[in-house]
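In order of appearance the chains are A, B, C and D, and numbering begins at 1 in each one.
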Amino acid sequence: MKIKFIKVITVLSSLFVLSSCTSKVKDETKNETETKVEKDVKSYWPNGAQLVISVSMQFETGGQPEGAESPFSGNPLPKGNPDLPAESWFRYGAKEGVFRMLDLWKKHSIHVTSHVVGEAAVKYPDVAMAIANGGHEIAAHGIAWDDQWNKTYEEELEFVKKGIDTVEAITGQRGIGYNSNWLRRGPNTLKVLQELGFLYHIDDLSRDEPFITKVRGKNFVVMPYTLRNNDIVNVEGKHWSPDQFLTQLKMEFDQLYEEGLKKRRMMSISFHDRIGGSPAMVKAMDEFLNYVQAKSGVVFMRKDEIAKMIQNDPNTPIDNSEEKYNN
Amino acid sequence: MKIKFIKVITVLSSLFVLSSCTSKVKDETKNETETKVEKDVKSYWPNGAQLVISVSMQFETGGQPEGAESPFSGNPLPKGNPDLPAESWFRYGAKEGVFRMLDLWKKHSIHVTSHVVGEAAVKYPDVAMAIANGGHEIAAHGIAWDDQWNKTYEEELEFVKKGIDTVEAITGQRGIGYNSNWLRRGPNTLKVLQELGFLYHIDDLSRDEPFITKVRGKNFVVMPYTLRNNDIVNVEGKHWSPDQFLTQLKMEFDQLYEEGLKKRRMMSISFHDRIGGSPAMVKAMDEFLNYVQAKSGVVFMRKDEIAKMIQNDPNTPIDNSEEKYNN
Amino acid sequence: MKIKFIKVITVLSSLFVLSSCTSKVKDETKNETETKVEKDVKSYWPNGAQLVISVSMQFETGGQPEGAESPFSGNPLPKGNPDLPAESWFRYGAKEGVFRMLDLWKKHSIHVTSHVVGEAAVKYPDVAMAIANGGHEIAAHGIAWDDQWNKTYEEELEFVKKGIDTVEAITGQRGIGYNSNWLRRGPNTLKVLQELGFLYHIDDLSRDEPFITKVRGKNFVVMPYTLRNNDIVNVEGKHWSPDQFLTQLKMEFDQLYEEGLKKRRMMSISFHDRIGGSPAMVKAMDEFLNYVQAKSGVVFMRKDEIAKMIQNDPNTPIDNSEEKYNN
Amino acid sequence: MKIKFIKVITVLSSLFVLSSCTSKVKDETKNETETKVEKDVKSYWPNGAQLVISVSMQFETGGQPEGAESPFSGNPLPKGNPDLPAESWFRYGAKEGVFRMLDLWKKHSIHVTSHVVGEAAVKYPDVAMAIANGGHEIAAHGIAWDDQWNKTYEEELEFVKKGIDTVEAITGQRGIGYNSNWLRRGPNTLKVLQELGFLYHIDDLSRDEPFITKVRGKNFVVMPYTLRNNDIVNVEGKHWSPDQFLTQLKMEFDQLYEEGLKKRRMMSISFHDRIGGSPAMVKAMDEFLNYVQAKSGVVFMRKDEIAKMIQNDPNTPIDNSEEKYNN
C-alpha cells in the first residue's frame, strides 16, 4: 500500500538550502483517515522529504581526447586522423544538448548539478555561463577529460585545482563537489579534494543515500552516483531505446519512494550533454518529471545543497570502507 | 484453457519441509463446475503444487577478485591499481542490495536459497547473519570468488570445505547445496561434494525440474539453475531495462504454470546482491510476486527443502548424462 | 485498410501437399460488401494462400563442438577442459526444448521443418524419432556441427551424404532440404546437394519468397531463411527479452500479410532446440500463433511441401545471382 | 500543453520547392480560442512548417567490400573466401528492401533522399532507376563503398566525381548532396565537394536543423544526419526489436515538434536498403508516418529541397566549427 500524502515538517539546515532548494513538497490538508496515516511515517531527511532526487548534467564536450567513447570509438581511425563525424557528435552537446536540457529544467522548475570539464568551459564559455545563470550548481570535473587514477598526488592536485580555477573564472562559481573521469578516482583523490576545500564527491556507487567518510580524520561527504539512471548506458547509441530509460527511472523511483517512508533515500539521475540532450531522451525525462510531480514529498535538490544539509546531521551514515586510502 | 483451482493434497516428505516451506497453495472450495476440473489434473510434486518456484540470492560481494565482472571490467585498469568505483559498485550488494531483497522476501513471506561466498561472509558477517536469521537457506559457494574448474581433487575439496566451515562458523548453518563460480564446476566437483556430505548442486541448465544423477553409484540431486530468469543478464548494466526482466519472468511463469498441470515443473530465479538488489529490479520482482500470488498451486521453496522432498521420490527423473565424470 | 477475408481457390500441386499441408485457410462466406473486395485480390500462391509461414526447428544439440556458441562461449575455458554448464545448456534442447516445441506445434496443428545434425540424432535418437513421428519434415544439416565452407567437393559430399544416411537410418526420412552450419555453405555446396538429390536449400537471406536458381543448368529451389524471426538473436542469452521476439514476429507478419494481397510472400521463422525451446520463447510463439490464426489465408507449411508446390510453377522467380559458382 | 493547429503562411523560396515539396501542412480553420494561440507561434522555416522531416534511403548493396558490416562480419571468414549468406543478406536490399520502401513512400506521398553508391547503381540499374522514377532525390555516396577519410585531395575528387558521373549516366540525376562512407569524410572533403558543385553534405551530427559552414569563404550547406533515428542501429541484427525504432522515432518527433513552435527544427531519419527494407521495419515506419500525419505543420522534404530553401535565408545559422579544415 502506498502512502500518498505526508505532512512535511521542513527542517532546513542552512539559509542557502532555503533559498535555492527546488521543493516539490506538497503540504496538502487531507481528511481524517488520511492524516492518521501520517503519524506512522518516519521521515529521515532534515527537510522532511519522502524522497530527494538529484540530477547531474555533465558538460564535457569540447574537452574530449581523440578516441573518446562515442558511437564511433568502437571502430577507431588510426591515431592522428581527425574523426570528423565523431567530433560533430560531441559538438551536439554544446550546440543542442545542454540548451535543450536547460529548457527542461526550467519548465519543471528544478535545479541540477552540472559537472563541468575545464576545457569544455574554455571552448564553450556561453554554455558554461548559461548553466550557471540558470541557477544550477557548477561542480568540478577536472581541467581536462583525462585519466585521474594514475596521477601522483601533486599532479592530481594541479589537475583538479586548474579545473576549478578555470571554471570559476568563466562562471563565477567555484566547485565544491567533484566527479572524476569515468568515476575513476585514485587512492589520493579524496585527500586532494579535501586539501582544495571540496565538500563532497560523487564517484561512489555503494548506497542510495549520501554518507560521510573520514578523510584524514575529518568528515567528507559522499553523494552516491549511479550507472543505472544514467544516459551513459546509451553512449554506443544502439541496442536500446529511450522508453527503456523512462521505465528504468519510473521503476527505480517507485521503489525508492516507497522505501522513503521508512528511511532516508536519494535518487540520483545523470545526463551527459551529447547523449541525454537528444530530443527523445529529454522527452523521456519530461515524462518522468511529470510522473513524479504528481507525488507529494518529492524534492529536487542540487548536490551542494544536499551535502550542506546533511554534513553535520547525526542521522547521516558514516562509512569508512576505504579507510586504508583516506588516512 | 487454464485450470485455476486445484485441490492440493500435501504430502510432505519431512518435518523440516513442513516447518519451513513457504506455501502459496490455496485450498479454495469452489462450485461444482470448477471442482470437476480437478479430477483431470495430474500433479507430480509430492506436495501437490502446480508449480514450485525457487529463488536464489547470491551473496558474493567482498569476495570478488580484481577485475571481477562489473560495468567497469570491460575496460580494466592495469593490474595492481584499485578500481575504486568498481569496488563501490560491488559494495552496494552489502550496503543496500541484500537488505532490500530481504525486505522483499519478508513482504511476500517467501524463503530463498542464498549462495554465500566464504570471504563475503567474513567481510560482512552482519549481512550473512541477516540472511540466516530471515529463515533463508545458507548454501555454499566456495570459500572465495575463484575458478574451480581448474583445481585438483584435493585443492577443490579444501576450497569447498573451507567455505562451508567458514560460513557455518558465522551463520550457524552448514551448506548442503552447492553453486560453483560462474557455474563452472570441474570433472571432480560432484565427487568432492558427495565426500563432503552435500545433498545437491545447482550448476546445471538442462531441465526445468530437479533430477537425480548417480555419483559413485549413489544418488545426488541436481537442482537446475537458469541464466534466463537471472539478473546476471544485466551485469554489464546496459542495453537493458528491468521491465524486460519482469516480462521474461511472467512469460516463463505462464508457460511453466500451464505445463505444471501435466508434469512436475520448477521455475528457478536468481538475484545477485549488487544487481538484483537495485531498486528497479526489486520493484520488478515485487510485481512478479504479486502476479503469481494471484494463482493457486504456486509454492515457493528453498532448494534444500525441494531436494529433501524429491530425493527418494520414484517420480524424480534420473539422468546420468555426465556418467563419465561421476563414476 | 486490411482485407480480412479472401476466397481461396486451393490449387494444390501434389497429393503430398494435400495430405500434409497444415492449412489455416478459412473460406468464410461474408456479406456483399466484403465479398466485393475479394475480386481485387490477386493471389500468387498455387494454393491461394495470402501468406505462407514456414517454421524451422533446428535439432543440433549433442553435435556441438567444444566452444560452440552459447552464453559461455564469449569467455571460453582453455582448450581441452570440458565446459560442464555449457554442455548442460546444450542438453536442455534434448531434455526439454524439442519436446516443448513439439507440444506447441501439435497444439496449433502445424508441421515444421526440422534441420537435424547427424550426430545429434545419433546421440538422441528418441528426440529425432519424436520429431519424425509428429509429422514434421526431417531436413538435413550435415553429419556434424562443423564448418562446411572450407571443405573440398569430395569432403563436402561425404559430409552431407553421411548426414542424410545417418538420420534416415534413425528416422526413416531422407532429407531433401539442406541447411549449412551458420548458413555458411561454400562455392560447391549447391552442386553437392544437387548430386545427392536434394530439392532445396535454405542458406539464403535475399528474398521473402522461394525462388529457383540454376545449378549446372537445372532448377534448384531456394527457400529463403531469415535472421530476423530467429531465436538465434538470443544465443548469448542477454540484452533481450522474449516479448521482443513476439513483437518482431507480429510486425513482420502484419507487413508480409498485407503484401500478400499483391504478391507471393513467405514468412520464415526459426527456433533452435536449446533457445527457442525455453518456456518464455514457446509462450511467445504460442501467442504469435494465436494472433495469426485469427486471420484468414494464413497457411503453415513444411519447406519440402512448399518446394514441391512451387518448383515447376511459372510464377516462381528465377534468380541466378550466384551463377559464377553454380555453373 | 501542445499547440495542435497553427496557421501556416507558406513562404516558398523557389519554384522547385513548390513543385516537389510533399507538404503535410494543414490549414485548418479553428474556433476563436484556438486561433488566438496562433499569434504566439513563431515559425522559423521559410515555408512555415512546424517541423520538417527528411528521410534518407541509402542504396548501397552490391557495392559492399568483403567483410562489410553485417550480422556475419563479427565472425569473419578468412580473407578470400566468399561469405555466401552475407552476400545474400546484402542482396536483400536490391531484391526486396528498396522496392518495399518505395511502396511505403508512395503510400504516404512523401519523397526522400537516396544516397546511391556508384557501384550499387551499376550492379542494379533497375533499382537506381526505380528510385529516380519515384520522384526521389538521387544524392551521391561515392563510386564505391570505401574509406574516404584517408584519400588525397586528388584521389578523393576522382572518387566523388566518378560516383556522380556514373549514377547520372544511369538515373539522369546528378547528385548535389553528399554522404561519405560511415560519415567519415576527411579534412578535404568539403573542399572537394565545393569544387564539384555540390550544394550540401550530411556527414555531421551536431544540430537538429540545417546550417551554413564556410568553405574557402563561400556558403556550404550542412544537412545534419543522426545515428539515433537510423536503422543502422540494427546492422548486427540482434539485441533489438523494431518497436524500439518506432518508439525512438515517436519520442524524438514529439520533442522536436513541440520545439518547432519556437525555433526551426528538422528531424532526420535514415533507412538502409537491406536493414530498413525488412518487413517489420517498414511496418514500424508505416505506423510512424500514420502517427505524424495526424499532426498539422509537419512537412516531408528531400534534402536538396531543404538546402535550396534555406541556403540564402538569413535565419539559417552559420557554424564554422571546422574552420581549420575548410579555409
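We take it that contacts are C-beta pairs under 8 Å (C-beta built on N, C-alpha and C of every residue); 3 or more make two chains touch, one makes a residue touch a chain.
The UniProt protein names, listed by chain, are A, B, C, D = Polysaccharide deacetylase family protein.
From a predicted model like this one, the values you see are computed outputs, not experimental measurements.
Rotation angle, chain C onto chain D, C-alpha superposition: 90 degrees, expressed as a multiple of 5.
Two copies of one chain, chain A and chain D, touch each other, and the residues they use overlap weakly: the shared fraction of interface numbers falls below half.
Chain A and chain B have centres, each the mean of its CA atoms, that are 36 Å apart.
Each chain gets a centre from the mean of its Cα atoms; for chain B and chain D, those two points are 51 Å apart.
Taken residue by residue, chain D touches two or more other chains at 239-240, 244, whereas all remaining positions touch fewer.
If the chains shown are joined wherever they touch, the resulting network closes on itself as one ring, and no chain has more or fewer than two partners. Put simply, chain D touches chain C in their complex at residues 71, 75, 77, 81-85, 87-89, 91-92, 95-96, 100, 237-244, 278-280, 282-284, 286.
Those residues of chain B lying in contact with chain C across their complex are 149-150, 182-187, 189, 203-208, 224, 227-228, 233-234, 236, 239-240, 244-245, 247-248, 251-252, 254-256, 259, 319, 321-322, 325.
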